[in-house]
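First comes the structure, then the notes that go with it.
Chain IDs A, B, C, D and E follow the sequence of writing; residue 1 opens each chain.
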Amino acid sequence: MSTSPPIVLNVNGIEVIYNHVILVLKGVSLNVPEGQIAAILGGNGAGKTTTLRAISNLLKGERGEVTKGSIELRGERIENLSPADLVQRGVVQVMEGRHCFAHLTIEENLMTGSYTRTDKAEVARNLEKVYTYFPRLKTRRTSQAAYTSGGEQQMCAIGRALMANPSVVLLDEPSMGLAPQIVEEVFEIVKDLNTKEKVTFLIAEQNTNMALRYADYGYIMESGRIVMDGAADDLRNNEDVKEFYLGVGGGERKSFKDVKSYKRRKRWLA
Amino acid sequence: MSTKKIGDVILDVQNISLRFGGVKALTDISFNVKEHEIRAIIGPNGAGKSSMLNCINGVYQPQEGAITFRGRTFKGMNSRQVAEMGIGRTFQNLALFKGMSVIDNIMTGRNLRMKSHILLQALRIGPAQKEEEQHREFVEHIIDFLEIQAYRKTPVGTLPYGLQKRVDLGRALAMEPKVLLLDEPMAGMNVEEKQDMCRFILDVNDEFGTTIVLIEHDMGVVMDISDRVVVLDYGKKIGDGTPDEVRNNEEVISAYLGTSH
Amino acid sequence: MGFFLETLIGGLMAGMLYSLVALGFVLIFKASGVFNFAQGAMVLFAALAMARFSEWIPQWLGLESKLLANLIAFAIATACMFALAWLIERLVLRYLVNQEGATLLMATLGISYFLDGLGQSLFGSNVYQIDIGMPKDPLFLFESMFEGGVLINQEDIVAAIIAACLVALLSLFFQKTSTGRALRAVADDHQAAQSIGIPLNRIWVIVWCVAGITALVAGIIWGSKLGVQFSLTTVALRALPVVILGGLTSVPGAIIGGLIIGVGEKLSEIYIGPLVGGGIEIWFAYVLALVFLLFRPQGLFGEKIIDRV
Amino acid sequence: MFYRENGQFKTSYRADQQIFPIAQDRWAILALLALAFVAVPMLASDYLMRAILIPFLIFSLAAVGVNILVGYCGQISLGSGAFMAVGAYGAYNFFVRVPGMPLIPALILGGVCAMLFGILFGLPSLRVRGLYLAVATLAAQFFADWMFLRIKWFTLDTPSGSVAVSNLQVFGLHLESAVSKYLFCLSILAIIALLAKNLVRSAIGREWMAIRDMDVAAAVIGIRPMYAKLSAFAVSSFIIGVAGALWAFVYLGAWEPSAFSVDYSFRLLFMVIIGGLGSIMGSMFGAAFITVLPIALNQLLPFVAGLFGMTVSTTAVAHAEFMIFGGLIVWFLIVEPHGLARLWSIGKQKLRLWPFPH
Amino acid sequence: QEQYLPVLSYRTGPYAPNGTPTANGIVDYYKLVNERGGINGVKILVEECETGYDTARSVECYERLKGKNGGAALIHPWSTGATFALTEKAPVDKIPLITTGYGRSESADGMVFKWNFPLLGTYWVAADVIVQAIGKKEGGLDKLKGKKIALVYHDSPFGKEPIPLLQERAKMHGFDLQLLPVTAPGVEQKATWLQVRQSRPDYVLLWGWGVMNSTALKEAQATGYPRDKMYGVWWAGAEPDVRDVGQGAKGYNAVTLQHGTDRNAPIVKEILDKLHAKGKGTGPKEEVGETLYLRGVVSAAMGVEGIRAAQERFGKGKVMTGEQVRWGLENLNLTQAKLDALGFKGVLRGPISTSCTDHVGSGAARIHTWDGSKWAFSTDWFDADSQIIKPMVKSTAAKYGAEKKLEARPAADCSS
């Protein structure tokens, strides 16, 4: 941490409102330095996905808008760019919940990922790379995406993003629905790309354990605000994080079976 | 460890094979589920776990094999029959009714039990009104149980992923099923939430005596809460037994668990 | 027998003409998932532009040559359709990314109202002529074989050839360009397409331009047949069964569907019609399409409707 | 600030299940009903009632019907014009063929005819879906057009095929004056809208919505697609049929099949989408938009032009009307793709927060 | 005080090409009357309402305009469909309906249809004249025996109107009547014309409106059916119907509603002089005097003369109510001299005189033929056979009256 690398992504106090009425992000700021892996952690509905959507400008389709604050990519304001422009600038988002093109085959799905790349050889190389990362995809390459299993679709979505040769990847819950060893592999891939190709990652993840193991820096979100941030190692050793996000409060990992009570807040007909 | 009483076989899957064109999703799978137990199905991506549930559920019709549920044997059923017999389920890729509120989503789970005539429903008098209230009460319990009170009237489409999963579970619970099939109920949750979810599942299992079939990739969860585990790989069964047995099965380790676990 | 043959040929020809309009629907649907109910209005608009400019240009420029006037008019009409495509994207589609099919469909209905009004106020609401020198008189074949010969409409033949060329061209466009794949991706999921850098805006302009040209070609052919007037828009209603029978996403489907519908409705009108009082062809076409759909819900060549949990 | 449910505690599920759980809404709706039933007949001119309000009420009714099928059950239909026609001709035949048939039963029987017809043409929905179904339902439209033109029996063998009714009475009262017609239509709308609302918030309504949103999952929790879809077709076409009968009997008086052309099918679909899919209230907003707007434009445009010292020809007005109408549709969809009803509820939500921005 | 005369017109939509010139004619005639100093000094106040040839919109326009500016004194619905709907409403509102050459044929019976005035001719008149013309061409009505006549018609009340009369005539003369409906608006007629080609009728009657007409002619050309064997109703015999078929329609005949195209008629000259020359005209100058334009003029004139007749009785220089105009229309007596004085020399044939029982006033028409560039009269006048039509009118109207439980108009009503 001697010479801090330049900041690639700088999110500055953004507010996001859905449908003109639902205020979801209440002043979120974060920045991601070049060549780092940053993680956004937080429970369901904290606003992780929304943050990523705000960065990649995919909010419009959900009828959301950034009403305050600024987002900069390498010093350039990007709020008014189209998602396609962002991909041109190397920012790609892997959307939560897969979103594969149902009627296209796996291979066609991957190929659409290289829409912005013109070099045929490069595309072929990328395709090979994705297939080596995810051999399972290769065996299912001719199936329509809709008829592949959940995990296969997740791999397809990640692979598709990699086809664009991105320099910044926004990953939304990459581990969801993947078998444990694949999760591990995905994070290995992330690490690999990060170290070898200097790709910057911003990952929204529920699997805190995994995320903090691979990330350099972490942000913890709760109901639309960043409530804590710090280097991944620091966070990992923080008692609260341990208890609530890693499930190892008080030293030993508790068996899921022995978690006896959950917080019951009684409310009656809101 | 547990003090609960595991009963007889309630669901018996015999030699199921399922093909889609050239793809063999399931090959000659047999296993059983006993009353009151938590039965996990694990395996790598694309192993055929969801397909297995779909067969039990009547969404897919297996080409071969039969399923025995509470003594009755079926070779292919339709979903309605399955639901009527008391098998409920949740979905891996959220299959909620996006445009409906949380309450309405869960209320649909009660539909099988609502019998009043359409004309009475239109007039909303007598039994129709009473029924509506009774079931609403039941649903409120579930909502309470799942801690989603605050979202009662929100359209589920706008809920964050994790909450949608809970609603999905709620809808299945509302059916008061004998057997509950859960397809990755904990995907997209953090540890705290998973703990809650485990609690829900164990409580359902305890309190209502519901038998549970569970697909899950989080080995911590699976090994902790399930009574027995089936392992599938490429559509074949490669392991079946208690968590400990499975954990030490060579084939399972190489195909799925990997050495790191 | 001769008459049966004649009916058959007549049906095929009519079917080709429907295909021409159906193509427009298919293109836009295939490429953006929008069921474009403005197709009829676009056909009228294009035809009006063509007819009026070919009438005005000789006046403005003092041109003598009919051919030249037609060519210039064609160029201007094409430009109009391109401008239209651009405007539609700019003012409408861009704001409706990721909306449901029904919403998009409704927007195209709005566009169609707008175009009807605009077309008529710019170009007038009379009957206008497009004269590209289509032969109008009948041709009789096999006169030695059948009494009275088998009648063939020369105009229809020309139209059929043009339609066939157009289809060939479009199939190439979809199969051989990488845009083709991107188009299908857009149709599946706007948001995901955006997220991997497919520029929706550009794609939509391209597709609507192509659809605009198809509309222009359809407009010229139908217009020179019927005269350019408001009723051209109703031609779209006759093309709809073709679209669903062939499959919403299939270019060749539009042709095959057209042929089946064309033949089916003509045969039914002539052989069943008289028994029940006639005038059955339009609903027969729809019922025919419906019967096919019962066996293949996605149409003959449409992409399978995906339904999975 | 003022528009809040704060402090309004529900002590029973019944209270919470009311159509308008918020007291202010209940008052508003009561006021609206009073306005519609008492003030409007006293204040509105004959023209306003005959030419605008009655069509608006009848189309609201039809739109409620269409919304059940399209908005709640998700089966896009372009056959609504046909269901209206069947309702109209069905009611007509009962009305003139059965001696002494009173009006209301005739209307209901007309609705029943439409219902049967609707079920028949709803059968393909068990296999065909989405836009394919939408286009296929046009078969019903064109078939009905043809049927009433060609099968003389339906039109009592009148050579022109145009039929007429007169001397309408309800409980011995003549349905002649604009006020009586208005009140008659209003009452029918109010009753049917209430019944429809009850249906959509009951078990059957949830079945429809479930089928609309995710039919496989619906099947898995025990909903029979066939029953849900066909019942939606039945209820919807019944209501549309009654509306069609009203349109013919009360508004037109004499009609021919073209009074129920495809145009009406489109227009009805318009109404429910502009108004808001899956909203009974929205159907009425949509009906107001589609029936009133063109007429209003037609009358307003010359006036507006007059303000600027221009005289516009009817042609220009008609064209401008098309363009503005189309433009407004697009504009509304952009502002709120979920229709006027959603706009309305967002407005209410804002009001709830007011005076705070969020 | 002005006499308020609303105009229901359609200048947009599928029927605009035909509706526009008609409306121009009406409006111009009203303007002309005002130029001339009004009806005994009473100026006409005109207001147009766009119906799009849609019945429901027509009803809305009617409702909108009927009470405005002191009340509409008469209405031209300009559509048979709308006429059917308004027939039920007019008696209540006491507004006479003028349906020159369209509407319901049985409404010629003023004893039942008190408020309908199908002046100058009904569709039964048109059909009858066509049959007579064909008979004449063949060399006598008896020559029609065994012949085959096809009726290609707009599938609507309008298109079906002539059928009863043709059936009657077919029975009388022993010709075969083939019915070929065309679904509105009629852009696709291939099957129809294949059927024509198959059954080879000796004559084809064309009962179309709007795009259907030109399409029929084009299909006839494409299937080689001789155009000179085709006879159209007067709504299928104007310039928009044939203009873009051009030479392809050469030889095609249509019955006229008395007038045809006449650019040199005094009335046309006057309109050009007093209006178009001064920039006050409606629509393009070139179309003044064309068939549909003239139809509008003639129809408007009928209404104006009705008002004039009413003024004779109820007070010259006063604004007339609908009821009064009804009386006027029922007591028209336009002799040839009067018509000529109005500028209709060579356009209309007198006398046009109506009565309580006869709301048509005349029953004569000619045939004109398209020569490739213009319409020209090709026959002399035919008088429709009242022996045939009268009883049909009587019985059909009676049936209507019975259905509606109408009370018969007392004889006194006629003289009041």
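Everything that follows uses one rule, which is that a residue touches a chain if its C-beta (ideal position, glycine included) is under 8 Å from a C-beta of that chain, and two chains touch if they have at least 3 such contacts.
Listed by chain with UniProt protein names: A, B = ABC transporter ATP-binding protein; C, D = Branched-chain amino acid ABC transporter permease.
Just so it is clear, the structure is predicted and the values come from calculations on it, not from any experiment.
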Per-chain CA centroid nearest to the all-protein CA mean: D
Centroid-based (C-alpha) most distant chain relative to subunit B: E
Between subunit C and subunit A, distance of the C-alpha-averaged centres to the nearest whole Å: 44
Averaged-CA centre spacing for the pair subunit C and subunit B, given as whole angstrom: 49
Rounded Å distance, subunit A centre to subunit E centre (Cα mean): 74
Separation of subunit B from subunit E, taking each centre as the mean of its C-alpha atoms, in whole Å: 74
Shared interface positions of subunit E, touching two or more other chains: 11-12, 20, 155, 181, 183
Subunit C residues counted as touching two or more neighbouring chains: 120, 125, 277-279, 282, 308-309
Junction residues of subunit B - those touching two or more other chains: 59, 91-93, 95
Subunit C contact footprint on subunit D (complex, rising order): 70, 76, 124, 127-132, 134-136, 138-139, 142-143, 145-146, 149-151, 214-217, 220, 262, 266, 269-270, 273-274, 277, 315-316, 318-330, 333-334, 337-338
Interface residues, subunit E side, partner subunit C - complex: 11-14, 16-17, 20, 155, 179-183, 185-188, 190-192, 194-195, 197-198, 210-211, 214-215, 218, 221-224, 240, 243-244, 248
Subunit A partner contacts - residues on subunit D that touch it in the complex: 9-10, 16, 337, 346, 349-350, 353, 358
Touching residues (chain side subunit D, partner subunit E) in the complex: 46-47, 50-52, 55, 96, 145-146, 149-150, 159-162, 164, 166-167, 176, 251-256, 258-259, 263, 295, 298-299, 313-315, 317-319, 321-322
Partner subunit E, residues of subunit C touching it in the complex: 3, 6-7, 10-11, 13-14, 120, 125-129, 136-138, 140, 151, 153, 155, 225-227, 229-232, 234-235, 238, 265-266, 269-270, 273-274, 277-279, 281-282
